[in-house]
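In what follows, a structure is listed as structure tokens, so that the remarks can point back to it.
Chains: A, B, C and D, in written order; residue numbering restarts at 1 for each.
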Amino acid sequence: MFADYSWSELGSIFAMQGFAGLVLFSVFVLMALGLAIIFGQMGVINMAHGEFMILGAYVTYMCSNFFQSAAPALMPISFFVAMVLAFFASGALGMLVEMGLIRFLYKRPLDTLLATWGLSLILQQAYRTIFGAREVGVTLPEWMMGSLPLTDIIEIPINGLIVMAITLAITVAVAVVMFRSRFGAKVRAVVQNRQMAGAVGIDTEKVDRLTFGLGCGIAGVAGSAFTMIGSTGPSSGQLYIVDTFLVVVFGGATSLIGTVASAFTISQAQSTLEFFLSGSMAKVLTLLTVVGILMLRPQGLFVLKVRR
Amino acid sequence: MTPPFHAARKTELFGFLVLAAFVLLVLPGVVDPFRLNLVGKYLTYAFVAVGLVLCWGSAGILSLGQGIFFGLGGYCMAMFLKLEASTPEATKIQSTPGIPDFMDWNQLTALPAFWEPFHSLAFTIVAIVAVPAALAFVIGFAMFTRRVGGVYFAIITQAIAAILTILIIGQQGYTGGVNGITDLRTLLGWDIRTDSAKTILYFVNAFLLLGVIALSIAVRSSKLGRILVALRDKEDRVRFSGYDVAAFKIFVFCFAAAISGIGGAMFTLQVGFMSPSFVGIVPSIEMVIFCAVGGRNSLIGAVYGTLLVNWGKTTFSESFPELWLFAMGGLFIAVVMAFPNGLAGIYKSYVQPLFARIVVRPAHRRRPVGGGKTTPAIAE
Amino acid sequence: MTNNDFLLSVEGLTVSFDGFKAVDDLSFYVDPEEIHVIIGPNGAGKTTALDLICGKTRATAGSIRFRSRELTEMKEHQIVHAGVGRKFQNPSIYEDLTVFENLEISYPKGRSVFGALAFKRDAKVRERVAEIAEMIFLADHLSERAEYLSHGQKQWLEIGMLLIQDPELLMLDEPVAGMSVSERVKTAELLHRIIQGRSVIVIEHDMKFVEDIAHKVTVLHQGRVLSEGTMAHVKSDPRVVEVYLGH
Amino acid sequence: MKTNDKGGAPRSMLRRKLMIGSAALALGLAAAGVGHAQTPPTGEVNTTGLAVTDDVVKVGILHSITGTMAISETGSVQAEKLAIKQINDMGGVLGRKIEFIQEDGASDWPTFAEKAKKLLVEDKVAAVFGCWTSASRKAVLPVFEQYNGMLYYPTFYEGLEQSPNVIYTGQEATQQIIAGLDWVAKEKGAKTFYLLGSDYIWPRTSNKIARKHIEDHLGLKVVGEEYYPLGHTQFNSVINKIKLKKPDVIYAIVVGGSNVAFYKQLKAAGIDMTKEKPLVMTISVTEDEIRGIGGENIEGAYATMKYFQSLDNDNNKKFVAAFKNMWGEDMVIGDVTQAAYEGPWLWKAAVEKAGSFDIDKIKEASPGIELTTAPEGYVRIHENHHLWSKTRVGHAKSDGQYEVVYETKELMEPDPFPEGYQ
């Protein structure tokens, strides 16, 4: 398929394709990070993860509408305001959910699956009732939707750059919070020995609540970021959920590094295959490979060997 | 020294007879043919719910991908029926007559090899049970021998369901794609679309379901059933009592898959088509909720749970479609938070004592002596 | 003396978790009909050693030979079939089942999937269950749900579940923990009765109890053997005194 | 309901049967002339036990209110309700007010089949307006054929179907595709095409027809053809491939949530659709979808359909005003919404022509029925139960509307089984 092209053209395309792969990687990390934090630290699978993302997207939608009508001059920065608001909105909802639902179910992880699934149905219908069944169009600052032309062929999508930047920022922030801050130390203490952590004066319930809120808040940021590349509707969260779960499962579910590594592997595989095959076949092949590897290594790619 | 299992078995037998009377006599008696056909459709989901009671309730293995097996069974049946419907005469306007219409639309010019055996009804009947069981074996073998369980197993099965859906939709030349396999008419020349055929199929379905439940009761009251419960509580203890734990889990998973396949096949027969919307995540999880509403530990309850939720869905969505999702979501949460044992639990803690007080007044009443210590075993 | 004269010979056994060696080059031997007690401070690797023998944890290096069969290559249930029984530190019984069913499940028949399906509760089974129940002082509790038993009774039940399999090597992890004084006495009595024709490895902290039962004592410290011999010998070993008994 | 259809039947049955023939004939003439001037007795216009009384006739509306398809189907529901309301305001059908029973298909095909059966068997509705996806139509089709109901199906679709029990008010694929391709080849000088779609039957069949037309009839070249799973949200790789192939036209049949992702990413990748290099042409994005995509993200693309909200004629102006009046000023109307609006009107015309609500008579009366008041202008029902209609090319503007840049001179003939395109 490359015979007709000059070297410079091919080089450009490969550069573009590499960039596309990185964007996909960023998207995957952003999707999966919140879920992985909650699962890795608390053993809870949040089936409503997609709906928390969409909450972030709706917050962005409302925020952009507000800026458009109330302060058009500030429109260029509306998106970042929206993103912060999205974090707090999803995080707050997450903490509410933890308080009213999840905390009663820590000993029954399978039941949290069902309860959060129920929650996702309720949220979807709530969005439908509030925002209407149709998708909403999120108006973004004009400067974010363009591209930076480097050469004739190479054009770097700005939204791709932004997604990558956000992902990087969030990942670093999570790493700092988890491994450098006092809160992170508390979280890890609770994960390792809940009773002991409680005994030394850590408010384990509060740690749980904040962890869950953090995971949901990151989902909200992801949703906010995805208004740049995807749709915002009551059931749009479902579009992301399969990929999200696969990334988390494939990464071994317990380590954040595993999640990042798995996001990288899957995104590169998919992006490369998509280039050489038809999109549908690429997706199927990627998924089959992932399942095949999971069959051989169901514990995921990256698990620490520990005494159980 | 008779273990209290006898009492439990008696209740189960009684419940089974009541259920049999309900689905074979009461429902056909009071429900019009249209609604009876609907009930028949719901009862096909009950196969899955019964399988989940064994898997999840008994053995603690929660699969969020049971729709896979329901769908596979249904597709096997649908392939047979579609081939029967695609005679060269019926399809003569196609560029390749004699193959199913959707293949023709997708430029296939010959029947794919894996469709060929489905010309035979005998093969199809075997496949309905064997194909789901075989896939369950592969999944189960990979997961259970490596000790994957709990939440992790649940999300892997879910991922597999999602993948299978994408595969079926993507390979539409071979599978009918998102439309599924539609327009099924006859079974060995017998028109399955008429009201009388639907009534007959209802009874076939009901008898099969009762048979499956009877078989499941037998499995659960065998030593294997007790090992499953034991394994749910203390997996290591079972392992170090000399049992190959993985083999037991694989068995129960395959068993549940096989009966789900029967349900799927009966669905295809009664509804007249099969589509990938049954293989995906949403129906798979909905089927778990049927089971949970009935009581995850009660085989009989699973049937009532299925009927109740679906009846609710149908009536609710006729009058307040917008509210249905709220109700369904609330049901998920309520069943988990407030009624973890579902209908069966409610029956046991409220109805049965009442019943016992009114009906079985004399001798059998066993009052616990010496505090709570000798509470008789509750039927599982 | 060749290894085959021992019922169990553990040689050069090592396991590491992420670089931490919980058991490090451990070797010890168990004679037929011996009560072998393993003692040592917390974290010495006692429970890990049992885990390794019964296959719960896989060794990084070393060998475990049981009657000339290599256990490190067998699956857990095969090790049980070979005649090794293991009681866990916390009583591990099936709380949802009755005492009778607990014992019945452990009865060494119908262990395959289809064997279990076809298993019949015949007179032989009932007799054997009754016999064991008598031995573990639970004859009156057969139809009770196991969750209603006292802590000590649960410990006995678990021992009974092992006995019904008639293993040649029995490994008990802290069998008297949480027992009342009278229960301890009964348990010691029970152990003396059940060692007929089998060897027992016991992990225990209660020194009084150890002195009562031990033929041979191995002291572990930081995954290694610190001292080995009779109770008297071990007690007089200055290193043991220093790390364990001295305080 | 069940009591009504038997109302007054027993004794006069024979006499009525004798009268029916002549009555129907007379009524047919009357209906053509004066419409709703008189109210014929129920026994004469309803011989098969439908839910028709002396002053009410019941119909069904069957769309997804919940689930993923609710996004698309909401507009159709609104249009059908508007049409029913307007018909009622004009006096109803054969003197009877239309009452609708709405059911939720819940984006789930078996539910569609179940609800369709309920509408026909229990409610005995005289007609059903509904379905959106091909899958839902395929699921209900056997039900309509078995229980002899009438379905008015609004969506443009792949063709390959023709049922006496269905009136297809949307365009079948050849109608929608061919005129657009001819236009882009002639007016824009396009030589190479890149075909793209969501992976299911409609985009695949449509692209098959497009490819045949491009290669065999126009003698031009297709340089790529790809499909992505429904709900796919990452299109960067295919955009790179498109950049490599440099086609003159990207022919996109992407649907649902994927649509939004596709156009946003296309724009972000530096493909400025207003420059028409390459030109983007779609048959799947109506004004409804643009709301989700954002007008600024699709500005410059071309769509070929039979209807755009901006159509400049009196029928349409009235329709748009009425629609906004009923459902809100910010509503937009897409092709399918308009086609759904035609459903009740076509049914009304058929009933009046047949002088009866009986399904068999409506089937017979339907071919040849004209609608001169249709927002799209003029339509006529073909023998094959599809509509003759014009095809138009719209040019997307940043406000989310299409500007009509071309329309076929003649009505396009519906051809669900096109020779030479299979």
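Keep this in mind: a contact is a pair of C-beta atoms (placed from the backbone, for glycine too) under 8 Å apart; a residue touches a chain by one contact, two chains touch by 3 or more.
Keep in mind it's a predicted model, so treat the numbers as computed, not measured.
Chemist: In terms of Cα-based centroids, which chain occupies the most central position?
Modeler: Chain closest to the assembly's C-alpha mean: B.
Chemist: Sort out for me whether B-C or A-D is joined by the greater number of C-beta contact pairs.
Modeler: Of the two interfaces, A-D and B-C, more C-beta pairs touch across A-D.
Chemist: Using each chain's Cα centroid, which is most distant from the centroid of chain C?
Modeler: D
Chemist: Can you check how far apart chain A and chain C are, centre to centre, with Cα atoms defining each centre and the answer in Å?
Modeler: Centres of chain A and chain C (C-alpha means) sit 48 Å apart.
Chemist: So what's the Cα centroid distance for chain B and chain D, whole Å?
Modeler: Computed from C-alpha means, the inter-chain centre distance equals 37 Å.
Chemist: Provide the C-alpha centroid distance between chain B and chain C, rounded to the nearest whole angstrom.
Modeler: 43
Chemist: On chain B, where are the residues touching two or more other chains?
Modeler: 166, 170, 322, 325
Chemist: What parts of chain C, by residue number, touch at least two of the other chains?
Modeler: In chain C, nothing touches at least two other chains.
Chemist: Can you pull out the residues of chain A that are in contact with at least two other chains?
Modeler: In chain A, 125, 128, 280, 283 touch at least two other chains.
Chemist: Okay, in this complex, where on chain D does chain A touch?
Modeler: Chain D residues touching chain A: 65-68, 70-71, 74-75, 199, 225-229, 231-234, 236-241, 243-244, 256-257, 259-261, 264-265, 267-270, 288-297, 400.
Chemist: Hey, which residues of chain A end up touching chain B in the complex?
Modeler: 39, 43-45, 101, 104-105, 108-115, 117-122, 124-126, 128-129, 241-242, 245-246, 248-249, 253, 280-281, 283-284, 287-288, 290-291, 294-299
Chemist: In their complex, what parts of chain B are in touch with chain C?
Modeler: Listed in rising order, the residues of chain B that touch chain C are 1-5, 219, 222-224, 226-227, 229-230, 232-234, 236-245, 247-248, 251, 372-377, 380.
Chemist: Along chain A, where are the residues that touch chain D in the complex?
Modeler: For this pair, the touching residues of chain A are 5, 9, 13, 16-17, 19-20, 23-24, 27, 125, 128, 132-140, 142, 145-147, 149, 153, 155, 157-160, 226, 228-236, 238-240, 270-271, 274-275, 278-280, 282-283.
Chemist: Give every residue of chain B touching chain A within the complex, in rising order.
Modeler: That would be residues 56, 62, 64, 138-139, 142-143, 146, 148, 150-152, 154-156, 158-160, 162-163, 166-167, 170, 281, 285, 288-289, 292, 322, 325-326, 328-333, 335-337, 340 of chain B.
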